[in-house]
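One chain, subunit A, appears in both complexes that follow, with subunit B as partner in the first and subunit C in the second.
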Partner chain A sequence: MTLLRALFMRLLTMAITLFGVAVVVFFLIRVVPGNPIAMMLPPGATEEDITRLQALYGFDKSLFQQFLIWGGDVLRGDFGTSISLRQPVSELVLGRLPATLELSLFALVIAILLGGLMAFLGTLYRHSMAEAAVDVTSGTALSVPDFLWALVLILLFGVLWPVFSISGRVSPSLDFDFATNFYIIEAALRLRFDVVGHLLGRSFMPALALAIPLAAIIAQLLKQSLKETMHLDYVTLARTKGYSETWVILSEALPNAVLPTLTLIGVQFTFLIGGTVIIERLFSYEGLGNMAIDAVINRDLPLIQGIVLLFAALFTVINLVVDMLCVILNPKLRHA
Partner chain B sequence: MSGFLDIKGLTLRLRGGPTILRSVSLRVASGKVHGLVGESGAGKSTIGKAVLGTLPRAIEITGGEIWLDGVNLLALPPRERRRRIGATAALIPQDPLTALNPSKRIGPQITRRLIDILGWSKADANRRARDILDEVHIPDVARVMRSYPHELSGGMRQRVLIASAFAAEPKLIVADEPTTALDVTVQKQILRLINEMRARHGTALLFVTHDLGVVSKVCNSLSVLYAGKVVEEAQMHRFFTQPIHPYSRALLAATPTYLDPDGSLQPVPAEVIQEVETEVHQHAQRAGYDV
Partner chain C sequence: MGARLWLSGTWLGLLALAALFAPWVAPHDPLAQDLFLGRLPPFWMDGAEPGYWLGTDSLGRDVLSRMIHGARIALMVALIAGTLTCLIGATLGVLAGFYRGWSDRIISRLVDIWMAFPPVLFAILLIAVLGPGLLSIILAIVIIDWTRFARVIRAETLSQGAMDYVASAQVAGRTRFSTMIAEILPNILPTVIALLTLEMGIAVIVEAILSFVNLSISTDSPTWGGMIAEGRTSVHQAWWVLVFPLFTLFLTVLSFSQLGEGLKDRFDPVLR
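This part shows the complex of A and B:
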């Protein structure tokens, strides 16, 4: 009952948040200088052409009227038409979303594996040089933002020692017809693991760049929680039962130590997705972020609005999922 | 006399710091109860941890032997030592509120070690867990096995921990102040339960406490520890009738029921403390420890 109520409140909050985002993005991008119509016309277009196009896209109406029209359309699932690409925004945006989702999830997996491994090693070899090495590594990784890591990776593995692709989601020579835009997932479901390998290799560099700072945060927080947990009585008791230190860490300490990290990953994951905007650009990765930059450059207002709303919706959903995961993983909350 | 647990000259110190145990020797005979008493900070828990292999990393063993069931644990490689301890000994911890894993159900917390370490089948382990929980008088065993620790009372959790300690039929159990964290009313029941279980299973018990009253009820023999050194090791009867060491006498005098039927409490006299400290100091100098 209370749980259902809590869920309802959450959904309501999400709706209000999205409305707020819609209002802000709609009015904000209209205050920013730059005329979308002027951008799309060739030089030497007449005043008449401009007026005609403005009427076509509804820019002749008042701001408030425009908002009402757009808001009403959005509620009906119509996000308008992109000015620069002349296609429905929803089609464009949903077409690109899978690419960004796959990149972000890949980065998340790398961050969890890398950060988790470092936290584990730091805990296993606590109070030794190995732990100090983990601290130094994570400290360094954390003090450099993801786009700089991207440049480092491009320089190292794209230029000096070119082993990884640093450009594009798929190689132009790949002979494979995708039915969906979830390339990696689709290839895996169709059991074409060669294609999966190819795709993972293509997106490994951008994913790693996104993952490094998050991996460092995970390593630091998880190691600290694990080390605190290792002192607790039930861990000591487990040790007397004959288990190895590795087993004690992974089975006894980890399930109790992981909650704060999980919450943090939830928050940081939304930042990571935000990071795709620049990272996708740097690696010419055909995702939502890359499209967002083009949309801004072209002053493509409907497209910007669509992308921002989609990102906002994604973030609120992720937050909800993380909160629910925390409840599921914590028996005390589950029975409350 | 050689015991089931035989600690010989065990010496520990904080890495790069003070000595915590000074050449401690004590024996626990098979199936017998040996008390370990002494004031707070004397090193009682540290002895228990050394036996069970759970010393914090800050503490290093600088000398001595710990013989458990005829094997010197300190001579074994770590992996084998852990296995050996897990298969022969068990711990009844002090605080039932913190000694159970909050994210695991009670059932698996008892059965996992039987399956993982001792190689039992799942069915056997489950049957064993039910029987042993029954033995410690837990009502509605099936429900308790499905419960999480926070759903049980403190007394209940201590029963679970006792059951868990006896589940693998260890030959030695270390109980570190197993009742101090409990309500006074529950303390007696738990104490009786531990004694009953140990008698039925023929388990040797190293009983850590600072309560001589408790010792007098359950122990066959005891060691008195002061500042990391055993100042007296004695059979129970002899200790209560003719304590030899002045610190032991002082301890007894400070315990209401024994030397003083009126119940008026006498603190350990300062000169006795002084005397013991001098002795410990001299011993340390003889043995070449830093104090």
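This part shows the complex of A and C:
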């Protein structure tokens, strides 16, 4: 019952947060200098044309009225029409979302594997040079944001030793018709593993750039928890039973040490998704973030609003899911 | 652990000196173009011209001089935006954590809303609203990043406020306000200073990202982000235009971060 109540309260704060985001975005964008209407019209348009278009987009009403109309439309799933691309915003945005989600999830997998491996090695060779190496690597990786790692990767693996693609989600030469925008998942379901390999290769560099800081955080926290667990009696018992150190770490220590890291990954995942905005730009990856920057440069108000709202909704939903998962996974919190 | 404090401090000190005395230190005018001197390689390579230590870009502008002048903007943004963000964010954090009640509820709700924005997108959006320029960048950083301070300082103040010394100050007759200033503030100051150092590194990155997507300052002022953006397009012909500013930016961000982490450890060994 308390769980249901907690869920209800969370949904309520979620709604308030999203409403707040909508208010901020709406009023922020209304003060943008530069008239988007003027941009849409051919040169030589008359004063009359301008008024007509302003009425069409509702710019002639008061700000408060505009907000009410816009809010009502949004609640009905109508995010308006993009000014620069002249298509419904909801279509454009939902069309790009899968690309960003696939990139983020791929990055998450890389971060977990990389961070987990570092934590494992640091624990296995604790109090040695290897652990110091893990500490220095993760400390450096954490100090530098994804934007810089992306540039370093472009330089190393795109220019100096060009083994990975650094531009675009799909090679133009790929001959494969996608029915959905979840390219990787679709190719996997259609058992075209050659295509999956191609797609993973294309997005490996941006995903790695996004993953490096998170991998470092995972490495640090998981290693700390593992080392603490390794002192516990039940682990010593397992060791005296003759299990190898690798086995002890992975099957005895890990299950008890992993919970704080899982919670942290949940929190950090939204930061990772936020990073896709600039990373997609750097790698010309056709996702939401890249579209967002174009929208800002083109002063495409409806599109900006749609993208920001979608990101905000995504973040709040992920936070909710993570919180609920923590309650379910952690028995201590269940009756709190 | 003292080594990283010294290393990062030294690098930032050198950078600050170079930035401060840029017009005297820089060997050339950072804006002077000379198409006959385009894409000169750095000094150790064949075809280098004496005096152009790190080579020139496609318009014949001296890379080293542009980097030194770029340091001015980077450090100015770091210092001003970092300090302002710190003052505003920490004040709100202390208010929320110490007075709790309504101020806490409003501030925490605002933090929630802010956290739902992807920061880079938020920054680009703000620059579009505020218009390009140094002042806009500083404002954008303050508007976005105050939550970093507010969140951490609020939590820190909450835990300090629950301690006995605060209760005894109250019993001894201090007012709420003077307890906050005289008792709580000195105890959260180490955290504030560590966060401020980290924030300066973040400010440098934000400035670089914004000038990278060409939304920062006018093209007359050389910025590291702008140089990186230009260098990236010609990396196959002149790698040095990308590599040197990238390396400098990397080292600077790393230094701010290491300095912040080092200060945090030095002030408070039990912190987290």
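Here, the second predicted complex is superposed on the first by the 321 of 336 C-alpha atoms of A that agree within 3 Å, B and C clash if a C-alpha of one lies under 4 Å from a C-alpha of the other, contacts with A are read in each partner's own complex, and residues count from 1 in each chain.
Keep in mind that, in the parts below, a residue touches a chain if its C-beta (ideal position, glycine included) is under 8 Å from a C-beta of that chain, and two chains touch if they have at least 3 such contacts.
Since this is a predicted model, take the numbers as computed values, not measurements.
Peer 1: After the alignment on subunit A, I want to confirm one thing: do subunit B and subunit C clash, or do they fit together?
Peer 2: Fit: subunit B and subunit C sit side by side once superposed on subunit A.
Peer 1: So which one touches more of the residues on subunit A, subunit B or subunit C?
Peer 2: Touching more residues of subunit A than the other partner does is C.
Peer 1: Which partner does A:233 reach: the first (subunit B), the second (subunit C), both, or neither?
Peer 2: Touch status of A:233: first partner only.
Peer 1: Touching A:292, do we find subunit B (first), subunit C (second), both, or neither?
Peer 2: In the superposition, A:292 touches subunit C alone.
Peer 1: Looking at the overlay, what does A:153 touch: subunit B (first), subunit C (second), both, or neither?
Peer 2: neither
Peer 1: In the superposed arrangement, does A:196 touch subunit B (first), subunit C (second), both or neither?
Peer 2: Neither: A:196 stays clear of subunit B and subunit C.
Peer 1: Of the partners subunit B and subunit C, which touch A:312 in the superposed model: first, second, both, neither?
Peer 2: second
Peer 1: May I ask you to decide whether A:256 touches subunit B, subunit C, both, or neither, giving the answer as first, second, both or neither?
Peer 2: After superposition on chain A, A:256 lies in contact with subunit B alone.
Peer 1: Tell me which partner A:243 touches in the superposition: subunit B (first), subunit C (second), both or neither.
Peer 2: Only subunit B; A:243 stays clear of subunit C.
Peer 1: Between the C-alpha centres of subunit B and subunit C, what angle is subtended at subunit A's, in steps of 10°?
Peer 2: In the superposed arrangement it comes to 90 degrees.
Peer 1: When the two complexes are placed on top of each other via chain A, what is the minimal CA separation of subunit B and subunit C in Å?
Peer 2: 22
Peer 1: Which parts of subunit A are in contact with subunit B and also with subunit C?
Peer 2: Looking at subunit A, the two contact sets are disjoint.
Peer 1: Touching subunit A in the complex: which residues of subunit C?
Peer 2: Those in contact with subunit A are residues 109-110, 112-113, 115-121, 124-126, 128-129, 131, 201-202, 205, 208-209, 212-213, 215, 228, 232, 235-236, 239, 242-243, 246, 249-250, 253-254, 257-258, 261.
Peer 1: Which residues of subunit A touch subunit C in their complex?
Peer 2: 13, 16-18, 20-21, 24, 28-29, 31-33, 139-140, 142-145, 147-148, 151-152, 154-155, 159, 270, 273-278, 281, 289, 292-293, 296-297, 299, 304, 307-308, 311-312, 315-316
Peer 1: Tell me, which parts of subunit B touch subunit A in their complex?
Peer 2: Residue positions touching the partner: 52-54, 57-58, 79, 82-83, 85-87, 89-91, 93-95, 98-104, 113, 116-117, 148, 150-151, 161.
Peer 1: Show which residues of subunit A lie in contact with subunit B when the two form their complex.
Peer 2: Subunit A reaches subunit B through residues 126-127, 232-234, 236-244, 247, 252, 255-256, 329-332, 335.
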